[in-house]
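My questions all concern the structure below.
The first chain written gets the first letter, and so on, giving A, B, C, D, E and F; residue counts start at 1 in each chain.
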């Protein structure tokens, strides 16, 4: 047993369950004791801690933690210097990219950030908002909001800066977007010194590889089919060009020469692919689920 | 983007969830807004609508919809002229075939439809029942029932015509079956003109192919095993004769010649197959799940 | 249809659901009517009955049942003569091995079974405990406990003999373990005469094979990857030595010679394996789930 | 035990639970076996049956049932001749009055029933709608809808006639109301001959009295307070004039003369009443819940 | 604070929740820590413990506990000498009286206990059953059953002795009752020496008084009404003769002399009482709920 | 309808449901639309808004709101000048008083705030903590924590300032309390200018009166009993001296003189009171629930 240890921060709250599920899919055995803030990640070399996404950037930047998963929004807000190892785009379970936007009431008459001079803005990202205003030469009061920000406009404030995936919550509050400040997503970030330590960096890169392998598998499926050798080109023609499929000879074709074709494709295109493959002569087409994909 | 569009009706109510699940398994991305009657099927060329199974036959026959999933019972009841594209036998979730039967109380003394002259019959299929009686020269009063029909006999009516899968609800109400009128199942049906339109017909056939591929996969599993070449015949002997398995040579057998055997079989026979395969010399037998099967 | 029948007992209560789930994974189609004590196992040759694990050993020993799943603890307690066919270690759902221990209050001053002379002990395994004391020449009163035994010490008794997996319930009651009597797990056991009947024995062995194949699959995953022939040795080096992987030639490598490598590994090692395989030159690595594994 | 029996129909479906709850509050002991359509009403003289609200009017009109609870809408639709004993306005649980309205899409350009000539209308109340159109000299096609009617406009029909309490479902479908046909509520109705039978009529009137006593109690609360005799007039002044409160002398006032004042008031006015009563000199004011109120 | 303490045993398992609810209604503040076997009864003089009803009689008889709530069946089975303080008939929540019966399969041909000579009987009450057989001169094998006893007949045993409230579980297993051994209910029982201790006896009697006051209140309701003095006799005539109602003069009748009548009646008769009272001239009748009743 | 309006802020989040329940008990009809931040309080003169307890003090102090319910802790933290109208001690549902304490790990060696010089402290109440340290002449780093503060000690900080009701969460994290800073509870607070407006002040006082009447009723019960006049003194002796009971003469005592005694007492003493009252000669004792109590 090594006495080295990587300290990793995981987001507590709305992303907690999907993060733990992701680590489990990636091959870790995470167990969270109900009251404990430190989940057991199943190996001695990893020490994990659950903290609010807002708190993680500083703990990582200051080296209290070696790395962690947090949102790009909170990295910007805390204005810290960390290594952005990779994006983590959860296909399921809520870690999709989303925009931070400037929104006002649809009847407010405000059309642009230029109209915000002297107004009041509520947001969870006070510093990001202040920097945006300063860069654009606008003076306005920015107040911190503890959530449900969109509901405060226009009764309590003139504008909000708020994160939104589809805009539906804003629309339900009769707000309209007048500017998109930036796009945020979940990232794996590392402390700079930890990144320079070869053992820690290798460990962090392994985690990145496994998390991405699990995420990739959520979008991909395995396809297998048999084809006569003379139909092989037509069958391969149907498949996405990006990645060559695996073709293996079959021993039991009799007089005919048959091959087995196997490939990994995006799950979304299967409904167009299968009719095409069948038309091209593929037989015994099957689709099967995947747990990890490393391209 | 094509500006062509196929209008498809899906059954609302008890079959709604399993239908949407089936479309998702088939590769579509269906999202149902809680209040909306028009689910998003994930592609511009498809417009879907949720309607009661009873209402669908007429909307399809009249061309308001191009195709849809409904029960054979309601096609008969509405007496419409549509193309029956294929049966859809949901292995899980409730779209199994079921019988429409004529049933009476077990103490009623009624033994056959011949005893129904002058009696009262409750049913959801008023027209089917009237046609059945007319064909057999029986005159009886047929009244529409809004459900829970079996409970009305014998307090309110003398007989019922009711759909039943296992007969257990009828037995629990002390009713006995005296005649089976017909067997119903869910069908994909199409409007006649839509079927004559090549683009629409191809689209409908693709949907049929994908739905059946997903349904087929629920009943099937993948089996893989290795075998010495001299055991291959004995191993293949165990497998269902219907479909030849895929046999591929292995490169790493050393002095012995090994092959990999792979096949798709009905999940129900696996518990008999595995002991037999092992006895025949198969090694490293694994079973894995499938998402789609196109035979 | 054969008129032979194997009578099998399944544990009612806390293990019931995971047992039924296991049989279903193994390929049986078990349906349990809510009130019925005899589940339908989906084939005429098998008659199943749900009984308390405590009751099963005697019914099997006396030949009322041919075989059954019960705990080793209750086999010992009932002191019956049965054939232990195999252990069944449920990876998920609670049939893990656990210890039966002698425990006392941490402030009791009792340090060993030697200090129990003249004391009172509560346990569900009265006979096992009495035999243990007799073998060690200790005289103590042993009283039957209907459960929640650990809570009775020290208010009502001086010591308990209790089954425990992690010891956490004992610790939560401030008890300390002073002796481990034996380790118990779920076993498939058979009546001796049934085991001597060739048809019944073959049937029981098939069940054992299938249950173990399903349990094995819970811990294992399938791995597939492609590699250049010159990297093959390095790739194989990474894989567990126990079982040779399947290597098959690829037809479409072009100038390079590529092979497909496929193997089954323990799911727990995948997170260490994938980074190593990638470093060794493996490409297109995928992991997929398994339903049954017969090694 | 009397051998007389009153046959009563209760609405199955959305109103079933609140109806049974109402009968229990009224003092009956209703038990519904899960599968049974005939709930046990707890006394031999009452035989109950659960039927769809749509089916009840005819069964009552034809004397198959003596009385029942159904909606005024279905009485109108079936056009039957029954005795309307009383309205039942459930304060909680959903039997509030609601309107049947004619609605069209807000962008349809249709402003009145006059614009419906030649159009198609979907509704559950086909006969009511046809009569309305006939009275107004409009010819339009009226088709039966099995529910979710509002979603069919404008894709499938031009207008709907639909029941609505607040109009929110209509608005959510972008429909606007252009006419209110009538207001419906739940009613206790009786068969005409049953009403002429003194025993049955007394029984029905008792049921009406008890159901109304329970409904009344949901809206009412008991108030008690003490007051000096000289403050009594001011206190009584605060109370609703409708019903004189009960005033009783207190024996233990000492030198002062005190009285206890007790009354039943509408729960909604209590929040205005209590501050006023206190200002008028009332002391020891308490509010307590009521189970039945017969004014 | 007294340093005296009463040790009371409460039934764990199916009666646990309704027992705790009963104590809370009776005025105690019971809190049960999830894992603890000793609930906090809210006062220092009471120490409670949750044990299986089967275990309680012996702990009370031996003086480990001073008193407790257990079933009469387990008092009989354990054959212990305790003081039966009072019956506790839970109107709601399951502690109703029930019978222990001897039952056999309806096709067994067994008609009476006389036919059980040489047969096998399964039961939870082994000693009670053996005593019954011995008293009647029948020799049969009696085996202990861990529950679901009725399912074992006739496959595993010839007869069962089982507790039943309505007989429905027996009927569902096709068993028929051939003898009722005794009727059981929940009882508050005390240790003999504790009962002789004046402080403990007073405490136990208080508990009995309060538990019964709470149970009584579940069946009773309060009724209040006003009446003209000349109608008083007719109104009182309607009320149950058992207990005289409270009649108090009203101060504000004006010329007429009015009185307020108040009484406590069984909730079950209210539906007959209210129509009668109204007919007799009572006005402003209200029913209100009760929390405790000490007659 | 008045055009005056009182703007009231209610706490969003953990106290939201119990606050709304309290307002409903107090006689308001609160309805919360799922997405809306402004609940409908059922009268035009009241406009409510749901905001985080942390945000409310400033909105009230600045006059954006006239009054609101928030914690004393956040009033202190925000250091605002508002009118504290009354405490609101929720007996049920979680608004009980709780302490804000300084806690450290039990093995830290820190015994007092004097040992905190140069240490790091995490808390949600940064300003309160800084003021406390300044007053005591201690210099330490105080960092804002987004919750789960207790888990951060000692891994991330040396001490925490945290709110706690029973201390159990602290103990579960192995923290010990070394100082209690202050006790907090929920308060109704008002803006100073709103308090000077007679209409608004009367409205706020009414709300305070009604909320307290509802809270009071949760702890109180009504008791009624009859007694012979000669037992009256003994009966009254048993009752709490604080508040004289209501005694009214009974008209129907016959030769004996009876009185009815009625009083309101704390629910907690009933279990001691009833046995005493019975012993003193009280008869027909009943307890009934209360909805509001204004003493």
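Side notes on the structure shown:
Definition applied: contacts are C-beta pairs under 8 Å (C-beta built on N, C-alpha and C of every residue); 3 or more make two chains touch, one makes a residue touch a chain.
Source: prediction; values computed, not measured.
Following the contact convention of this document, B, F is the list of chains adjacent to both chain A and chain D.
Averaging C-alpha coordinates per chain and comparing to chain A, the farthest chain turns out to be E.
If you average the Cα atoms of chain B and of chain C, the two centres end up 38 Å apart. Averaged C-alpha coordinates put the centre of chain B at 43 Å from the centre of chain D.
For the pair chain A and chain E, the distance between mean C-alpha positions equals 59 Å. Each of residues 248-249, 288-289 in chain F touches at least two other chains. Going by the touch rule set out above, the chain pairs that meet are A-B, A-C, A-F, B-C, B-D, C-E, D-E, D-F, E-F. Here chain B touches chain D in the complex through residues 12, 35-38, 49-52, 54-55, 59, 64, 145-148, 151-152, 155-156, 169, 172-173, going by the rule given at the top.
Every residue of chain C that touches chain B in the complex is listed here, in rising order: 26-29, 205-206, 209-210, 213, 217, 222, 243-249, 259, 262, 264, 288-295.
Listed in rising order, the residues of chain E touching chain D in the complex are 221, 226, 248-252, 260, 267-268, 270-271, 274-275, 278, 284-289.
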